[in-house]
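In the two complexes that follow, chain A is the common piece, with chain B as its partner first and chain C second.
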Partner chain A sequence: MAQDIILYSVFVPIAAGIFCFFLPDRMKILAKTAAIFITLLSLAAAIYLFIKKPAYWPNEIRALFIVDNLSSFIGIGISVFALLVTVYSMGFQEKAFGRFFAYLLMTLGGALGAAYANHLVILIVFWGFLAVTLYLMVNMEATAAAAAAAKKALIIIAGTDALMILGVGIIWNLTETFLMDRIQLPLTSFYSFMAFITIAIASFAKAGAMPFHSWLPDVAEDGPTPVTAYLPASLDKLLGIYLLARASMSMFIMNDASNMILLVVGSATIVLAVIFALIQHDLKRLLGYHAVSQVGYMVLGIGTGTAIGMAGGLFHMINHAIYKSCLFLTSGVVEKRAGTTDLSRLGGLAKLMPITFTCFLVAALSISGIPPFNGFVSKWMVYQGIIESASAKNYLWVIWLVSAMFGSALTVASFMKLLHAVFLGRPSKDFTKVKDAGLFMAFTVVILASACIIFGVFAFVIPLPILIIPAVNRAIAYIGIWAPAVATLLITAGIIIGFLAYLFLRPQSFRTVPVFEGGEDNTEFARVSGVEFYNTIKEINPLGAIYAKEEAKSFDIYYIAKRLIYSFTRYLQKIHNGVLPSYLVWCLMGMVVMFLILFLVY
Partner chain B sequence: MSLLPLLIIIPLGSGFLIPLFGRKIKGIADLMAIFAAFLSFALSLLFALELKGSGVLACSIGDWIPPVGLAMVIDGLSGLMLVVMNLVAFLVAIYSVAYVKDSRSKWKFFTLLMIMVSGINGVLLAGDIFNMFVFLEVAAMAGYFLVAFGTGADELEASFKYAVMGVVASVFILIGIAFLYSYTSTLNLADMANTLAIRGPSMVLPFVATLFFMGFGLKAALVPFHAWLPYAHSSAPAPVSAMLSGVSIKVLGIYVLARIFFNVFGLSPAISLILITLGILSMVIGSVLAFGQSDIKRLFAYSSIGQIGYIALGLGIGTPLAIFGALFHLFNHSISKSLLFLNSGAIEHSTGTRDLNKMSGILSAMPVTGYTTLVGSLSICGLPPLAGFWGKIIIIFACIKAGRPAIAFIAASISILTLAYYFKALTPALFGAVKENGSKERVKEASLAMMLPMLILAFVSIAGAVLLLPAVGQFLFNSASSVLSNGAEYANVVIGALK
Partner chain C sequence: MKILGYIFSFLVFPGFLFSSIMGLLVGWVDRKVTARVQWRVGPPWYQNFVDVVKLLLYKETLIPAGVSAGTFFLMPVLAASSASLVSTIMLMVNAFPKSGFIGDVIVVVYLMIMPSLALMLGGFASANAYASLGASREMKLMLSYELPFILSLVVPIMKSGFAVKFGTIISHQHASGLTIASASGVISFFVMLLCVQAKAGFIPFDMAEAETEIISGPFIEYSGKALGIFKLAKAILTFIIPIFMITLYFGGINFKGWGFITSVLEYVLILVLMILIKNTNPRVRIDQAVRFFWGPLTAFSIIAVVLAYWGF
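For the complex of A and B:
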């Protein structure tokens, strides 16, 4: 029964997706209905599996799929986000996005397959399959930029999938099994270490950690917004971090070196990505860099190797999926209503779009790690994990802690800019008639924003004991004291006092006049868009060098590899001069070499 | 009387009848070619199913006592190859009807195509090395002419290069055969294998092996003997490119290499080493060169060099798993690469260009061609769950299992490179906005005769993995790979079957 449900929840969405793919455009309503229906069913199945947790298949080919605390938690996450994005898209889709729901359903099935897989080859299959569906979904935005972003994403993600084949092959050679729950590989030999690296790389690429991140900002900027909220912001994070957690918690016995790799990658990702985020001037691209930066906390948490750090990493994963999809979906509303995501053109939308603004604000505060929202709790746990991992002879933990906190500070800074540029400030004249989100879109973002609050305020009541702690499956000792309920009350009280103070103590009322210059109304010109907030940061020295390198694409592994290969290609093209005799000479030389080898070895 | 010779007689016969009738009666050339190709495919399928019971089918022409005389043999390996190659040939024949529709010398095209098919079938059936050579030349000659079919400057140059290099290879092969004959006094492959096993190693063998590696390596387009391929495959008419890439290089090159070195010489470490080296060279150089291509057919042509490298590598590793992977990869590559060449023909037909940089939005203008191109490329790049993925993963696993993780690393890296060069070039052409090209009319979808073969090949590319299931088609690959992994048994099995 239970194993049938696993199979159904993987293959029914895929089959439905294939069916929707072939539906003609005028029957789109059928695709929409099917999508809602199937995502609801998937959620029901995921919750059922979470409660029942059937361990294995009972027969010989047992254990092809595994449902334990970790994977069933991921399964629920995947289904929830699929459902939310589906509901949102009911309101968002107008253009010829006919195949959107087909791909969405296929992605849902593939993601559930990857989450429940116990056989590593099955994992690889679904992993690569998701790269293909992401590619197709990003390409639905029929522009050259979207095509470029899509191919980059495909090449990086599916490319690392090929590397994972290598790692799985090594694991198979060392342990004679493909089943994840039977693998417990110590990282003592070179090959087992390589296997770990390949799997870590695959999860980095999927989640978007550096240096495999460069596809993410591109996709965020140029891909369709619901797609960005669905895959890079939530599902890819869930799966990438799931695999990393699975690898470091059960498949491999971690040692200092392997943890060190994760710590370095994690802190570098946090700091560098947020530095890049500061100077972006496109709403979606900026969010894309934050989607990279936040992965750093998850990797860092897992890299600490402590129970609370891992719990923090996993909690941050789900929190990030919530607030980042909220951010993307609200910016989707902005994009749809205002017709642009260029920060220099946006501004002053808060009054026109109160629901969107509120939700965006909540999510922005969450991602910045402001208490009492959810982002704070998980970051707090990651910090505790770093401190707990500290040992007498090792002072490196200070670096990890400082970079995590520094990254958090810069996140606040860049969201100040974002909030100002999009929602506050003086509105541009073009946007006086902008409306707020429609029913479906508002419903989704409100749910996500409420989840940010609930997961923050009731962190120790709802998400942690039910979802996270069982998944980590180790005893957790909290070091610091954090009582969110009390804190929330205090913070709320503080806000109320501040508001009263503003009401009663505010300075002399002021008047607003248009800006004139030489008798001409010049309000539009004098608008402060917020884009320039941190432009001067480029002049600070170490940062300036980093920005210069980023502009030269030195952090983009895709670009570096491309240039490297091109140099080989050009050389080889020069040799292939089209002259027949030279080709014949190669043949002759090849023969001579072969003869020598055969003569000597035969 | 055995039915085996029919596989040669039918296409060869149609090759003679088509010029007789096709010049006079309009439209009959296509029908005859399709009919003959279909019969040939049906027969090969029949033989392959028959193999499941008996293991090997053999007949001795003219009832000479073997090993004297002309022997025809189908075992697991040639059975698999026959089915795949005749399927491709049949679909190519259908496609060609639309492709050469406007040509005045249509009958010449079909004549040459059918002669090529008969040559291919002959190589696969031949039980002795000299007939193998003769049929190889038949297929290769037809190939030279077909490449030049367009008679433009490009085509003629390509054909000339192909012919010169091909003839050089053939000469070396012939010299090799002469040496081998003088050493063993027999031409029958099975008998030759026995004689070589009895007489033991000699200085002749490395020399002959070198000649064969060069000769058949050139036909297979292994680096450094590959230089003709990008010219020939890109200048030939699309269906011919599909035949060359999907069928020719595999039968004339890989199949013969495998047959001779596994079943006659016996796989020695030296031969293994050469195969692996050639394989890796082809993988790396073919793929790196493909990275710089924006001409759709040249891209596919260089990619063929890279993928042939995988097959050679798998064979060179030599473990049963690796051979299985290599053969499955061969099957995938035959199907997907002929699909891609057919696609390229349809695209060129509709857009009038082969330059990928000038295309955009193919997928919305020509959905069938576009999506089948996507399927073919995804399969070649080895993306799950398409058939190509399984060939790739088996080869990589086999390398690791055989204790060669470094080679597995190269294979995995090249598969990333493959992915990169395919999608770097194809994505902007397939997706993106539909280009408005002012004066010209809108780009149209290919005609039905073109779409049908593409759809069938795309279906096989998607569902090919099903063949790995034990209940469905695994026996085909199992029996083929066991022929190679139990190399020495071939002689006894064949001689037993001939008697």
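For the complex of A and C:
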């Protein structure tokens, strides 16, 4: 029974997706119903598999698909986000429901296939399939910017995919098996190390770690918002980090050098990406840079090689998926209602969109790692992993710890800017009649924001023992103390008493007055948007140097590769002058050369 | 019952009420020493209490028109709650080092960010250009001091055998020497002293409030009860910061016999150092502060970390 469910949960969504693809736009009710029904069903299947784990298909000895502690947890995550994005899109999407849900369902099936696959070739097939669906989804609206972003994403992900195929070839050569549960490669030889690197690069590109990150901000800015929340913010993170965890926890026996690579990539990603985020002008692009930066914590956690670090990395993965999709979906509401994501035009929406603002605030505090929300717990675990690895002679631990903690301060900074520019500050005159989210959109963001709170306050009761610790499969010893439930109780008690004090200590003494700025009504003149907050420190090193490099696109691997390729093809281009006789001359010359070779050899 | 005990310790002793009283007294010490430095007499000891009671009970609370009132009023309360939580944790772990109350040093570092965060969000919510400007300065200031602050925090963690629990940090110092009794400890202590100077918003790092330039920045629209609660949060934080440093560098507060006198002297030493720095320096610009914290102070804290590696 369980083994058939594995196959169904992979192929039924794909089949349903193909069905939706051919639905005409008139029958959008059918597409919506099919999408909700299939995503609910696959969530049920994922939960069933989670309970029945371990499950194998076709059998335990030569399993092509395996549902174990790690992959069943990823499976639940994938299904939950597919369901939430489906519900949200009911309120967000206006046209092309058939195509949108077709891609969404195909992505769901492909992602589940990649998560459950135990055969490396099957994994590669689904991995490539997901790159294609990502391309299709980002390019849904077919604007020039979206097309460019989709192309960039496809080229980076498919290019690293090709590297992974090479790595899988090496693995087969060394072990003569494609079955992931049989592989246990020590990273002693050059070839096994290369195999690890290729797989790590594939997972970095998927999750968006540096230096393979540059597709993500572009997709976030120009792609449709539900798609960004669905793929780069949640599913791609889950899969990329899943592959990295699988590779470093079971397929390869890690050593100091391989861990060091992960630590360097993780720390650099955290700090650099968040520094870029600090100066962005577009809400969605800024969030895109954070989607890159947060991957650093996951990679860092896995790179510590300690059980608590790995658990922290995996926990951060699921937490990130929750709060980042919440952030993207709330900014989708802003985009839909206000019609722009340009930070300099927005402002003061908190009063008009209380639900959206509250959810955004919760998610923003979570991503900033403020206790008692979920992001804090996982970051706290990653920090402990780093400190624990320090006693195991990881001499550079201070660098990793400081970049992780300082990165989190930078995250706070850029979210303060966002909160000011979008929701707080002086309202802009253009948006006085903006409405809050509709039913479907509000439902989704409220669920996600509540998940941020629940996963934070009850971290040691719900997510960690049920999902994370079984997936890590090692005993975890916390070296610190954190009692989130008590702390939350106390802070809540304080807030309640504070509000009682407002209400009952001489309550008559409240009065509304206009804002005082030197006694003049200079409403529009003195409006601070928040975009320019960090301009006064932009020039200070090391920020100045980093921004100059970013300006020159030195961090964009796509741009560098493009420059490299154009430097060859510049010469080839000259041959293409569009004049027919010259092409004929080339053909003739080629034929002459071929005949000469034939003549001389034989 | 245990929960009620927690709530009592949070609200009354050693949490909100006790820490507020202590904080207001510390504020009086600040005002008195400042006055003496400036050849004035200074206020009587109860001046701060009178000020806060006036704000809480007698002054009217003005709401700026067109703002999200929920956020505007939530932020002072959030600041006071989180400051009280910090003080509860710090005093409990000092009184009962083995108990492991609520959080470790990482938790406290993050909880100490919350009052600043609440101040910023409160400023943002008041829809005033001066408030926005001040709050953005507060954020930039936080960015600048956070780097040397974390680096100097690493030294006590290293000195106590990679522990993050306050209990272990305290007991390790009693077993194998105080953090301050080493070259790296001294350097990182002074770096942290300057960082907490900025954390407490003392001159020369009070550009977020800068009364003469931006009219108290984030506080500009706050009045009455909301302002009073913010003042209390600030008082609690000022009271607890020296205790945080005593815990990390002087082996915690000793509540027994002569040890308590020593602890009080250490407290007064740190406090007076902060007040003297405050009174002998002019306010710096935000970019100067960022250069100062990311330049010399970060360099000093790196030196401290390297020395700690070599065991000094």
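FYI, the second predicted complex is superposed on the first by the 525 of 602 C-alpha atoms of A that agree within 3 Å, B and C clash if a C-alpha of one lies under 4 Å from a C-alpha of the other, contacts with A are read in each partner's own complex, and residues count from 1 in each chain.
Criterion: a contact is a pair of C-beta atoms (placed from the backbone, for glycine too) under 8 Å apart; a residue touches a chain by one contact, two chains touch by 3 or more.
Nothing here was measured: the structure is a model prediction, and the numbers come from that model.
A.B. asks: Taking the superposition on A as described, I'd like to know which of chain B and chain C A:Y602 touches: first, second, both or neither.
C.D. replies: Only chain B; A:Y602 stays clear of chain C.
A.B. asks: Report for A:I370: first if it touches chain B alone, second if chain C alone, otherwise both or neither.
C.D. replies: In the superposition, A:I370 contacts chain C only.
A.B. asks: Is A:T143 touching anything from chain B or chain C once the two structures are fitted on A? First, second, both or neither.
C.D. replies: A:T143 contacts chain B only, not chain C.
A.B. asks: Tell me which partner A:I165 touches in the superposition: chain B (first), chain C (second), both or neither.
C.D. replies: First partner only, chain B.
A.B. asks: Is A:L439 in contact with chain B, with chain C, with both, or with neither (first, second, both, neither)?
C.D. replies: neither
A.B. asks: Please determine whether it is chain B or chain C that touches the greater number of chain A residues.
C.D. replies: Touched residues of chain A are more numerous for C.
A.B. asks: Touching chain A in the complex: which residues of chain C?
C.D. replies: Per the touch definition, chain C meets chain A at residues 3, 6-7, 10-11, 15-16, 56-68, 70-71, 73-74, 76-78, 80-82, 84-85, 88, 100-107, 109-111, 113-114, 117, 120-121, 124-130, 132-133, 135-136, 139-140, 142-144, 146-147, 150-151, 154, 157-158, 161-165, 220-221, 224-226, 229, 286-287, 290-291, 294, 305, 309.
A.B. asks: Which part of chain A faces chain C closely enough to touch in the complex?
C.D. replies: Against chain C, chain A makes touches at 348, 350-351, 354, 357, 369-371, 376, 380, 383-384, 387-388, 390-391, 395, 398, 401-402, 405-406, 409-410, 412-413, 416-417, 419-420, 423-427, 479-483, 486-487, 489-491, 493-495, 497-499, 501-502, 505-506, 509-517, 526-528, 530, 533-534, 536-537, 540-542.
A.B. asks: Where on chain A is chain B touching in the complex?
C.D. replies: Those residues of chain A that touch chain B are 121, 124-129, 131-132, 135, 139, 142-144, 146-148, 150-151, 154-155, 158-159, 161-163, 165-166, 169-170, 172-173, 191, 194, 561-562, 565-566, 568-570, 572-573, 576, 580, 583-584, 586-587, 589-591, 594-595, 597-599, 601-602.
A.B. asks: Enumerate the contact residues on chain B facing chain A in the complex.
C.D. replies: Of all residues in chain B, those touching chain A are 160-161, 164-165, 168-169, 172, 201, 205-207, 209-211, 213-214, 217-218, 224-225, 227-228, 230, 268-271, 273-274, 277, 285, 288-289, 291-292, 360-361, 364, 378, 381-385, 389, 392-393, 396-397, 399-401, 405, 408-409, 412-413, 415-417, 419-420, 423-424, 427-428, 431-434.
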